[in-house]
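Shared between the two complexes below is chain A, which pairs with chain B and chain C, respectively.
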Partner chain A sequence: MSAELFSLFYQFADVFAFLILSAAGLAIVFGMMGVINMAHGEFIMCGAYVTVGLVNLGVPLAVAQILAALTAGFIGILVEFLVVRRFYKRPLDSLLATWGLSLIVTQSMLLIVGSAVRGIGTPEGSFAIGGYTFSTYRLVLFGCAVAVLAGLYTIFMKTRFGVIARATMQNAAMAKALGARTGRIYAISFGIGTGLAGLCGALYAPTMTLIPTMGATFVVESFVTVVIGGANVLLGTAPAAVFLAMIRMALNASYGQIIGQIGMLVAVILIIRVLPEGLSSVLVRRGR
Partner chain B sequence: MFKLLEGPQTLGRGKIFWSCFLTVLAGAPAYPLFADSYDVGNFAYFLIWIFMALGLCLMWGYGGMLSFGQTLFFGIAGYGYGVLAINMGGGTATIAALALSVVLAMIAAGILGYFMIWGGINGIFFGIVTLSATLVLAFFLGQTAGPEWHIGPARLNGFNGMKGMDPLTVGDFYIEGSALYYVMIALIVIVYLALRMLVNSGIGNVIVATRENPQRAEMLGYDVRKYQLLTFVIGSGLAGLSGALYTSWGQFITPSSIGLPAAAMPIVWVAFSGRSDLTATLVGSFLLLFGFQTITVYSQQAALVLMGALLLATVMLAPQGFVLGIGKFAADWWSGRRRRGAGAVMMEAGRLRSEES
Partner chain C sequence: MNSRRKFGMVLLGAMLATAAVSVVQAAEPPLKVGLLEDVSGDLAFMGMPKLHGSQLAVEEINKSGGILGRQIELIHLDPQGDNARYQEFGRRLLNRDKVDVLIGGITSASREALRPIVDRTSTPYFYTNQYEGGVCDASMISMGAVPEQQFSTLIPWMVEKFGKKVYVIAADYNFGQISAEWNRKIMKDLGGEVVGEEFIPLGVSQFAQTIQNIQKAKPDWLLTINVGAAQDSFFEQAAAANLNLPMGSSIKVMLGFEHKRFKPPALNNMHATANWFEEIDTPEATEFKKRWHAKFPDELYINDMGYNAYNALYMYKALVEKAKSIKLEDMRKVIATGDACIDAPEGKVCIDPKSQHTSHRMRLISVGPKHEVKVEKDYGTIQPYWLGEIGCDLTKKNDKDQYTPSHLPKKS
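Let's look at the complex of A and B:
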C-alpha cells in the first residue's frame, strides 16, 4: 500500500517540479514588471546548452548547472538593459519584442550549431520501494523545485532587497520617490527570472534531447501556471502548480502525456472563466 | 451601404486612393497572361495568408485583442478541410468542405472566446492563453503518427502531415494555377471591402470604442463582451479561411504550420505593416510574404531570423508599423503640398494619437 502511495507522490512530484521550475522565472518577471518574457524558452535552452557544453569539457554536472544558471542570469540582465527596459510602459510591445528575440535566437542556433548536439545521459541511480523502481534524479529535481520556492521566499520576504522589490511591485513611483533605484531592481529581477529559466534548462538537460527549439516544450506549462497563479506571483505560483500537477498527474497516469496536457489546458480555460485573476486573487481575499 | 467603404476607421479615401485601388484591381487579372504558371501559383500562395493577416488586424488593431492563436484556427480549418474533403469525396463537395471547415474554426473560436472574454481575460493573458492553446494543438497533432489516429479514411499522420485530399473542385474542374489565382483575388477583394464596411459601420465604431476604453463603451450601454466575441470569431474565421485554402492549395498540411515559429508570422506581418489599418496590413503582409519566400529558397532559418529582427525593430523604432508610417508620411507630404496644414492632415494625426493610448 505504501509503495502505491509513494508511487503517486513520485508522479505528482515529477509534474510539480516541471511546472515550478519552468514557471518560476517567468512568474518573477511577470510579477515584478508585468512583462511576459516570450524568450523564456530560449533562456531555458541556453541553460541546457551551457550545461551540456561544460559537462562535455569535463566539468562536474552540478557545477556546470550552477554556472549555466548564472550565465542565463547575466545574459538576462544584458537583454533587460538593451531591450526590455524600454517597454515597461508598453507591456504588449514587450511581448512582441521578446518574441522577436526568441525567433532570432532559436533560428540562429539552428543555423550555427545545427539541430543535434551530443547529450549527456540522465545521472544513474535508482531505488526500489515495494515492487517499483524510481529514478533518484527525478526526486532531486523535486528537491530543487522546493529549494527554488524556498529561496524565492527568503529573497523576497526576508532580505532588504526583497522589501524594496515588493515595494516596487506594489507602487513603483512611490518606491522611487522613497529612494529605491527601481531601474536596478527591475534589472536584477529580470536577471533572477532568466537565471531561474537557465536553471530549469540546466536541470532538465540530462533528461532530454538538446535541440534549439526545446524551449517550446516548457512554454505551455510555464504560461498556464502563471495564468492560473495570477498577478501576485509570490502567493499564487506554488498553489497553481500544486493544482495543475494534480490534474496532470491523474490524466497522465490513465491516458498519457498528451491527454494530460490537453486536460490541463481545458482546466485552465474553464478556470479563467470563474477566476480571471487567478488563484492568488482568492488567497489575497482570504488573507484580509 | 457603399458609403461605409470610407470612414473614420480606415485610411485611404478620395479619388486618388480609389483610382490606385482600381488600377491594381485592373492589373491583377492581367498578371497570369504574361507570367509563367509557376509564378502565378506562387502568387496565389502569398494571397492565401492575407486573410489571416486581415483577421488579426481586425482583432488587434481595431478590437485591441492581441490573439496569438491565428495558426490555431488556421490549423483547425486546415485539418478540417482535409478530413472533410477526404470523407465527403472530391468533386463539388470540396466547396462544402471549405465552408464547413471555416465554420468549424469559427465555432472553436466562439467557445475559446466565450471563456476568455466572459472571464474578463485581456491584454497579455489573452495572448498567452491563445498561444498555449495553439501549441497544445500542434503537440497533439504531432503525436498522431500511428494508424489509430484517423477520422474515417483520413489519416492524421503526425509530423509527416495529412495528405490525399482533393483541391477545391467544381464538377470535374480543379481550381488550381491561374483559376485559383482568380478565385483568391476575388476573395481578397470581397473580404477587404467587407471588412472596410464592417469597421466603418456602427458595429465597427463600438469595436473601436471598446479598444479605446472598454468601461466607457459599457457605460454607453453596449455589451462589449458580445462585440469582442464577434470580432474574435470573425478574425479567427479569416485565419480558418487561410488554413482551408492552404490545405486545398498544397493538398497537404503538417503540425509545423500551427506551432512555433509559424504562430509568430501573422504577428510579424501585422505589426510590421501597421495594425491599425486594413490597407496597410494588406500591402505590408504581401510585401513581407514575398520577401520571406524569396529568402526561404536559400535558407529558411535566415528568413525567420530576419522576421524576428523585423518584429524587434518594429516595436523599438516604429510601434505603429512601418508600412503605415511610410504611407502616412507620403500622404501627409502629398496633401501638405497641395494645401498646407489642411484639416485632413490634422484629422489623421489626431486619429493616430488616440490609438497610441
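Let's look at the complex of A and C:
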C-alpha cells in the first residue's frame, strides 16, 4: 500500500518538476514581460548541450549544470540587446523574430555539432520500495523545481530588484519617471528567464537524447503551464503545474500516455474557457 | 615530323576526343535519381547515413562507368520529417524534375504518404528501411527487412531464452501499431502472453509512469519499438530507475545506434535481428565500411537504413542493366524471373517476384553491459515469404494495398 502511495507521489513529482522547470523561464519572459519567446526551447537545448560539452571536458556534472544555466542567461541578455529589445511594443512581431531565431539556431546546431551527440548518462542511484524501483535523480529534479519556485518568489517579491522589475512590467513609463533604469531591468529579467530555460535543459540533459530539436519536447508543456497560470506569474505557475500534473499523472497511470496528453490539453482548453485570465486571477481575487 | 606539327596533331586529337565525349554525353543525358531523406528535424540522425549511403553508391557507380553507360545525377530534397513535405517534394521530383527513379522515406507514415503519388506515375520507387511489412504494390521495391525476417526470428528466441511474458512499448503510428499486431500474433502462436502494451505519441520524452507500469505488469522481457530521439530517452530513464529487463526490438542498435548515443549500460541486454549492423566483420563488410568511413570520416555509425540505401542504387543498376531499359515494366520483368540479385556487403540478396521485397541474411545480435555487440545466432538467408503466402502476387495483379495479420487480401 505504502509503495503504491509513494509511487503516486513520485509520478506526481516527476510531472510537476517537468512542468515547473520547463515553464519557469517562460513565466518571466512571456508571463511577465509579454514576449512570446518561440526560441524558449532553443535556450533549453543550449543548456543541455553546454552541460554535456562541459561534462565531456571533465567538469563535474553539478558545476557544468550551473555554468550551462549562466551561459544561457548571458546569451539571453545578448539576444535581448540585439533582437528582443526592438519588439516590446510589437508582441506579435516578437513571435516571428524569436521563431526565426529558433529556426536559425536549430539548423546551425545541426550543421556545427551534428545530428546526434553522445549522452552523459544519469547520475547513478536508484532505490526500491515494494515491487518498484525508482531513480534518485528524478527526486533531485523535483527538489530543483521547488527551489526554482522559492528562488523566483524571493527575487521578485523580497528584493529591491524584484519590486522595480514588477513596477517596470506593470507601467514602464511610470517606473522610468521614478528613476528605474527600465532598459537594464528588461535585459536582466530576460536573462533570468533564459537562464532558467538553460537550467531546465541542463537538469534534463543526462536523462535525454540530445538532438538540436530537443527543445520542442518542452515547449508545449511550458506554454500551457504559463497560460493556465495566468497574468500573475509568481502566484499562478505553481498551482497551474500542480493542477496539470495531477490530471496528467492520474490519466497516465490509468489509461496510458496518449490519454494523459489528450486529457491535459482538454483540461487546458476548459480552464481557458472558464477562467480566461488563468488560475492566478482566482487566487488574486481571493487574496484581496 | 617536326615538333610543332606533332603538337598540332596531339591538339587536334585531343579536340576530337573531347568532341566525341561531348557527343556521347549529349546523346546520353544522366539518369535522374530523386532522393527524399530527412537530414534535419527529429529524425536527422537516422536520415543522415541514408543520404551518405546514396551519395557513396552514386559516386562509385559513376566512377565505374554509370548505369548502361549513363552517369547518375542525384537530386536530394530534405522533407524534414514532415509528411506534407514528403508529398510536395515527391510531386516535384516526379512531375517537374521527371526523375527516373524515386528513393527514400524514413517513417512508414512518410512512405504511405508518398505511395499514392508514386502509384499515379510509372516511376519505380525504392523504400530502403526495415518496416512493419505488408505493402503489396508494383511500383514499390522494398530493400529493408520485414517482420518474417525480424519478428519471426527474434520473438521465439526471446521467449525461449527469457520467458513467455512480454510488455510492449511502441510509437503510436502505423509502424508501432502494426508491429505490435505482429507481436500479438507470434506470441499467440507460441503460447506466450502480452502482459501490457503501451502506445506512445511521437515526441514524448518522459517515461517515469511507463517504467512503473512495466514493473507492475512484471514481464519477462520488453519489446521496444519506440521511435525517434525523444522516445529513445526511455532507455536512459529505465536504466536510471534500475528496470533491468531484457529487451528486444526490430529497430534498435542497427538502426538508431542507441548503443553509440547513450552512455553504457543504458542499452545493456538489448536484442535485435538485423540484416546489417556496423559490427559485422566479414571481409566484404569490412571493405564496405572502409570505403564509407574514407568518404564520411565523421559518421557516428553506418546504420542499416544507410546500408540499404546504398544497396538500393546497386539494385537499381542491376535491374536496369538486366532489363536494358529504365522503364518500370521492363525492370519488373527481370524481377519476375526471380533473378534480380546483387552481391551486397551482407552477402547475396534477391528481390522476391511476388512481393518485390528483398531476401536478407539475418543475424540476431545482443548488446552487453559495455555496449559491445555480439552475434547470438545466424539465421542465414531468409526470404520475405509472408506476402506471397497470404496471396499477394505482383506478377499477376497489383493490389496497391498494405496488408497486416488482421487485414488480409480477400480470397477471389
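Heads up, the rule we're going with is that the second predicted complex is superposed on the first by the 288 of 288 C-alpha atoms of A that agree within 3 Å, B and C clash if a C-alpha of one lies under 4 Å from a C-alpha of the other, contacts with A are read in each partner's own complex, and residues count from 1 in each chain.
By our rule, a residue touches a chain if its C-beta (ideal position, glycine included) is under 8 Å from a C-beta of that chain, and two chains touch if they have at least 3 such contacts.
As the structure is a prediction and not an experimental result, all values here were calculated from the model.
*Asks:* Evaluate whether chain B and chain C can sit on chain A together after superposition, giving fit or clash.
*Replies:* Here chain B and chain C cannot both sit on chain A without a clash.
*Asks:* For A:Gln170 in the superposed arrangement: first (chain B), second (chain C), both or neither?
*Replies:* Neither chain B nor chain C is touched by A:Gln170.
*Asks:* So, does A:Ile211 touch the first partner chain B, the second partner chain C, both, or neither?
*Replies:* After superposition on chain A, A:Ile211 lies in contact with chain C alone.
*Asks:* Is A:Ser2 contacted by the first partner chain B, the second partner chain C, both or neither?
*Replies:* neither
*Asks:* Answer with first, second, both or neither: which of chain B and chain C does A:Gly100 touch in the superposed model?
*Replies:* The answer is first: A:Gly100 touches chain B but not chain C.
*Asks:* Under the stated touch criterion, which partner chain does A:Leu110 make contact with: chain B (first), chain C (second), both, or neither?
*Replies:* A:Leu110 sits against chain B and chain C alike.
*Asks:* Check whether A:Leu92 is in contact with chain B, with chain C, with both or with neither, and answer first, second, both or neither.
*Replies:* In the superposition, A:Leu92 touches chain B alone.
*Asks:* On the A-aligned overlay, A:Ile258 touches which partner chain: chain B = first, chain C = second, or both, or neither?
*Replies:* In the superposition, A:Ile258 contacts both chain B and chain C.
*Asks:* With both complexes overlaid on chain A, does A:Pro276 touch chain B (first), chain C (second), both or neither?
*Replies:* The first partner, chain B, only.
*Asks:* Quick one: is A:Phe223 in contact with chain B, with chain C, with both, or with neither? Answer first, second, both or neither.
*Replies:* first
*Asks:* Could you tell me which of 27-35, 171-179, 189-197 or 279-287 in chain C overlaps chain B after superposing the two complexes on chain A?
*Replies:* It is 171-179.
*Asks:* So which positions on chain A get touched by both chain B and chain C?
*Replies:* 106-107, 110, 213, 216, 258, 261
*Asks:* Which of the residues in chain A come into contact with chain C in the complex?
*Replies:* Touching chain C from chain A are residues 7, 10-11, 14-15, 18, 106-107, 110, 114-122, 125-126, 128, 131-135, 137-138, 206-209, 211-214, 216-217, 249, 252-253, 256-258, 260-261.
*Asks:* Where on chain A is chain B touching in the complex?
*Replies:* 34, 36, 83, 86-87, 90-93, 95-97, 99-104, 106-108, 110-111, 213, 216, 219-220, 223-224, 226-227, 258, 261-262, 265, 268-270, 272-276
*Asks:* If you look only at chain C, which of its residues touch chain A in the complex?
*Replies:* Listed in rising order, the residues of chain C that touch chain A are 39-42, 44-45, 47-48, 172, 198-201, 203-206, 208-210, 212-213, 215-216, 218, 229-230, 232-233, 236-237, 239-243, 260-264, 266, 298, 300.
*Asks:* Considering only the defined contacts, which chain B positions touch chain A in the complex?
*Replies:* Answer in residue numbers: 66, 112, 114-116, 118-121, 123-125, 127-129, 131-133, 135-136, 139-140, 143, 259-261, 264, 267-268, 271, 299, 301-302, 304-305, 307-316, 319.
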